[in-house]
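Structures follow.
The following pair of complexes shares a single chain, chain A, combined with chain B in the former and chain C in the latter.
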Partner chain A sequence: MTVPTTAAGSVAARRTVMSKVGARLLSREAGVAATLILVVVFTTLQNPNFVFSPDGYRDLLLTPSILMLVAVGQAFVIITRNVDLSVGSIVGITAYLTGRLFIDIPGIPVLAVFLAGAIVGGALGLINGALVAVARVPALVITLGTLYIYRGLNVAWVGSDRINASDLPREFRSLGTDQILSIPVLTIVAVLVLIAAAWYLRNTRGGREFYAIGSDPDAADLYGLKVNRRIITAFVMSGALSGLAGVMFAARYGTVSSQAGTGWELQAIGAAVIGGVAISGGVGTVWGAAIGAFLLLTINRALPVIGIQDFWQRAVVGALIIGAIVLDRVLAVRQARKLREMRDTDND
Partner chain B sequence: MFSRHTGRRGRLFGAAALTMAAGLVLAGCAGGETETPGDNGAAPAPDNGGDSNFSITFLPKNLGNPYFDTSNAGGAEAIAEFGGSFQEVGPTEASPTSQVSFIQTAAQQGVDALVVSANDPAAICDALDEARSVDVKVVTFDSDTNAECRDLFINQAEAEGIARVQVEMIADQIGGEGQIAILSAAANATNQNAWIELMQEELAANWPDIELVDVVYGDDDDQTSFDRTAALLQTYPELKGIVSPTTVGIAAAARYIQTSQFQGQVAVTGLGTPNQMREYVEDGTVGAFALWNPADLGYLAAYAAKALVEGTITGAEGDTFDAGRLGSYTVGANGTVLLGDPFVFNADNIADFNF
Partner chain C sequence: MLELRNVSKTFGSVVALSDGNLVLESGSIHALVGENGAGKSTLVKIIAGLYRRDQGDYLLRGESVDFTSTAQAKNAGIAVIYQEPTLFPDLSVAENIYMGRQPTNRFGRIDRKAMRAEARAIFERLGVRIDPDRVTEGLSIADQQLIEIAKAISLDARVLIMDEPTAALSGNEVARLFAVARSLRDEGRAIMFISHRFDEVFELCDTITVMRDGAYIATTPAHETTIEEMVRMMVGRDVATLFPKVDASIGDVVLHVDGLNRAGVFHDISFSVRAGEIVGLAGLVGAGRSEVARAVFGVDSYDSGSVTLLGRALPAGRPAEAVRRGLAFVPEDRRKQGLVLDSGVARNLTLAVRDSLRRFGLIRTRDENRLTGIWATRLEVKASAMDTVVGTLSGGNQQKVVLGKWLSTEPKVLIIDEPTRGIDVGTKAEVHRLLSDLAGQGLAVLMISSELPEVLGMADRVLVMREGRITAEIDRVDATPENVMFAATQQKEGAR
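Moving on, here comes the complex of A and B:
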């Protein structure tokens, strides 16, 4: 799972170990998905409108889609044993950029705006990645800095302006709610990105190197992996997906002020952690992060529907994150013991 | 999560990166914080001839808020009329203590008057007291502090008037009966809580057939307000109207309902600005909404600050001062000056406004 196969050791035994570990990880995502289904079923029993009304069904799929993109990007970064705190500010900048593009360049194609969002987001991510990889400062510190810098630049740019719904062309805004075969467009975009990211991480050499770096950066370096390049790539991915999310934010909410996206970094990290992406790197999948985003926002929406007071909702989300981390720890300890036992029997 | 390279070189790089980051943050903030049309705002000259130099600093709840943009523009207009210098500073986030450092800075600069919209009635009191002790006149507008912390409060409209107008609008739009809900700002917002209390009294007294089923808080955040609106519609299928006494909330509620199955069935009203609401009024999602004119509010606050600095008034009840094009105003009880009644915007008049 973590280090590319070496000549030492029995290949067959390694296979069994790998598949057992894989199954355990899979079960983690399955567990989060089961929790999600439980939340949806329970809420729907309390209030059938939660799923069985046109709006309820649409919101169930639509609301988590934007955060899902940010969480997938965040998963890339966390897997390399880094963290990206600047994503909320990137969402804010690109959401405002979206509005500005439509105002300043009348008739600009919607696709061009999506591209611009992803490129600007990717460029901001490149700055993060370069600072982290080259300056060798912990990502926590670098991206905490860029969180404030990007937000400060955004406030300087936006000032007291604001994008209003009437500034955005109708066909763009309708993207925020349009459905194809009763699935919201934004959800389709998010899921396509998710599938591509999952395939890349799972099946390509480059993808596997993210895990190797996150498991043991020094070993990865010694082994000759291009650690810096991978880390920069992870931050660029995170930035570009946040940029895409910013464009979708504008389409969905129709209003963008200088505070758009505030606090999203914590939601994205929360989603990834709940979905089984270990904060210590090297473990987890983008599927988990995506399901985590779904669970987080669905709980956010479910709690008011079943009549739990606003004030308690955050506490519930916090408990969920702590619960996920405790679960991670327990699983990691058990897994380490299992691996030790297997190695011992292997050597006999 | 943490890089393992912590050699000397790494540390140096880290320090350099952090310093750079801090510098950029400061630069970014400064760009957004200070707008000084015309005059010099950073260091107001102590005197440039007689009493014609009033340096007045506006401190809104937060920057990036079109409402305060308009009110501060009104303040700037008034200050230009009487020949003072206008400065605008403020935090990017409307949190209780975020205004303190700006108050301290203004006091150190020795401005003549500070015009503040308070994020919290008590949290900035100490800072305001310090400023007043070095002879800075303090005028609050839009959102008051405790009365002993300021010289004057410019009230945009009486809470009773605001509550009554909102209840009348929603009653009118839902035909005087049915369930309604309130989508407010933060749970500890001074204004909104006072209005909500009065709206509840007004409903109980005059509209027995209207039931207020819930009060939810969108924290003046687009996304949160949006999701709260969705939850309200799902939780109360019989809901006929949503009242949102905050500009962010009403726009989010209108946007959600515009794209939902409830468009035309659930009325949205409350306090909003014409530019934000134009789209929704024109397509019929929103029938009418109210607000005072924030430009007039800032304008009146600036004239009140001038009168205090001149010494023509002290803030005592019964003091009278002139406020340019708005005419003459009298200080009421508790050092409060009332702007007037809220104004109702609808499809007929919205085209006349642009803020």
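Moving on, here comes the complex of A and C:
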């Protein structure tokens, strides 16, 4: 935002303090991005193939792009002080759905498949949202239930079947490898979605209400905000973006079994938390969640390259998540103290 | 501007408001006064659209309205500032003011610059300095209230209701708030001010409406009435016959509290309770009564002072020790602090004596039920079975279970906080009879109550607290609703 030109002296003085506070908020995303670059540079120095091989370069951008979509959806939900554990199962269902559509409806346009994935994912998200908002049961419980239900439906539907790359039309398969200006197409799609989501959350009345609701749900009720509608919207977004990710999963890997997307919910939540989305709601951006997704997967891939054992790989990811939360807490305490001091000096 | 006629509201069997009347005029500051539980909050919530009235008329600018949500009331120009401001702590001040109504450009993009400028303009008009860009987290209650007021102004609210806005403010902040309130009045808005501080009521308001027991009592111009008259209207009812405490022989001091302090909560609290005596601890909600009780029992800490139980000092912060030495504490919120709601009557009743009930480390249901049987009979708990889940019992019976739980520890001193809150009249009398019997058997009782009749009827001695201090100690014979209420709200009169 631009700094206003009209400001009284005292206000201007305080503005410098405020801009520092604002810079702190900004720096969260910047900090995660810096860490990401550091990891990439360091690992590449150890093993140049990490970036400078065709596979390495593609993995760097492509694989995280898919998780990124799920993390962006998850951020919507977490910002409203909820959580969506069912996203991994939604990725699985829509990934298989993608293959089935191409097999059962020969010649179906690729765009229609993308739409179908988003719509089916959105519908599954709608079920989550409706249960959370109307039944007033904590999202943790509802989506833990739908995690198993959706996965169960998927297993029942897929059975021991699997989608193979040969089942998919060439033009769809090539989406997983195509590049524009040496950037993978799927990454471009994911980033466009990210930009739209970020713009909506930051710059529209509706977007700001997600933050208000997560910041204090009771106050939002008293204020007369349409809390239920927003919460349902958040879950629909999360579902639809997971559905989109499911379609991209099929394009990227070509093979889809009944276990596709297992465990993604925790990676998505981890990505959001690492990226500065407060698990208690009201704080954070989808940019943070997106960069968090890149950092999480890149570290996962970097650790074996620099020769760290499997056990420690998981521990490092865990430490990263805990570290991010501790950092948030420390910064929050420090900011609260700063604000208190400002108040005390103001009251003199 | 706004008028309520014969409005009523009931929750289940509890009548919260039986006959609410109110006329708010433009350009006037109207005070609404009454004891705790007089129905003021219910009235406000009906005006705000949070509750719907069961009966009566609600007129706004002469037209009948029926709000089903706070958003509707807000759109009709009614703004309510609750005791605890309800803001979004993670969002900026400007965003809190304009949430859902932010100025936007033609693409629907929020115009932050315009929003900030508008917020700043309102603050300038109010004569306060709050940075619209800072997050709301960490602002003082006074500043948060000003943000609420700014919100009301930005909505161009014509009716502004402030529910005890000064309760948490310092002297300067109160003066600033009053200045703002007066300027809003002069702009022709109707303002309603709810307060327990009579000096403030008379300083600020031009009209006063008194409520009592959920009903309208009177409305008078402020200059035609006095504090004394107002207090009489607030409490005026026959109390002596309602809650008779049987005289018991009063023995030695069993609980003695000396100079108890906790910074910002209570100061210099000294009193003693004798065997067979019921000491009432009166005062308004927020006066620090429950905090004192919790500190004495050891749940909360205190900074200085001492507690002596049966002649021996009681260490601070050790509730288990207090129980072992014969102190029992029935907390205010029995559902949260006194009961395991999902467990049965027997489980709950024996909760405090599980150790002595234990044989070889195990508790037999038979023993549990035997003990429960004794107390359930003595207290006349109406439950169909020993394992009836207490959450399903009525408030009165729940209270009896909590009482039974503590009485089974055979205490010497019982501290009971709001013994009859949320209990219907019939069961109330039973609880009172029970307390009276217990005192007759030599139990020392410290009873915290916000209900004046209960205090006056039950207590041998009344201690009154106001803003963290004991402001009066009145004997049963001298206690009147007026002097207790005075001590609870004023410093003069009734103070020793």
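As a convention for this text, the second predicted complex is superposed on the first by the 327 of 348 C-alpha atoms of A that agree within 3 Å, B and C clash if a C-alpha of one lies under 4 Å from a C-alpha of the other, contacts with A are read in each partner's own complex, and residues count from 1 in each chain.
The working rule: a contact is a pair of C-beta atoms (placed from the backbone, for glycine too) under 8 Å apart; a residue touches a chain by one contact, two chains touch by 3 or more.
Predicted, not measured: the structure shown is a model, and the values here were computed from it.
In the superposition on chain A, A:R208 makes contact with chain C only, while chain B stays out of contact range.
Once chain A of one complex is fitted onto chain A of the other, the partner contacts of A:A336 are limited to chain C, with no touch recorded for chain B.
For chain A, the partner that touches more of its residues is B, with chain B and chain C as the two candidates. In the superposition on chain A, A:D218 makes contact with both chain B and chain C.
By the touch criterion defined above, A:R151 reaches chain B but does not reach chain C.
In the superposed pair of complexes, A:G282 makes contact with chain C only, with no contact to chain B.
With both structures placed on the common chain, the touch criterion links A:V305 to chain B but leaves chain C unconnected.
Applying the stated touch rule to the two superposed structures, the overlap between the chain B and chain C interfaces on chain A comprises residues 218. Touching chain A in their complex are the following residues of chain C: 50, 69-72, 74, 82, 86-91, 95, 99-102, 104, 108-110, 112-113, 116-117, 120, 129, 131, 133-135, 137-140, 143, 172.
Within the complex, the chain A residues that touch chain C are 1-2, 4, 6, 10-11, 14-15, 18, 21-22, 203-205, 208-209, 211-212, 214-216, 218-225, 278, 282-283, 335-336, 339-340, 342-343, 346-347. Residues 47, 49-50, 53-56, 59, 63, 78, 81-83, 131-132, 134-142, 145-146, 148-149, 151-153, 155-156, 158-162, 164-166, 176-177, 217-218, 253-260, 262, 279-281, 300-301, 304-305, 307, 310-311 of chain A are the ones touching chain B in the complex. Residues of chain B touching chain A in their complex: 1-5, 9-10, 13-14, 16-18, 21-22, 24-25, 27-29, 31-32, 35, 62-66, 68-69, 92-93, 187, 216-217, 221-223, 226-228, 230-235, 237, 248, 251-252, 255, 258-262, 275-276, 278-280.
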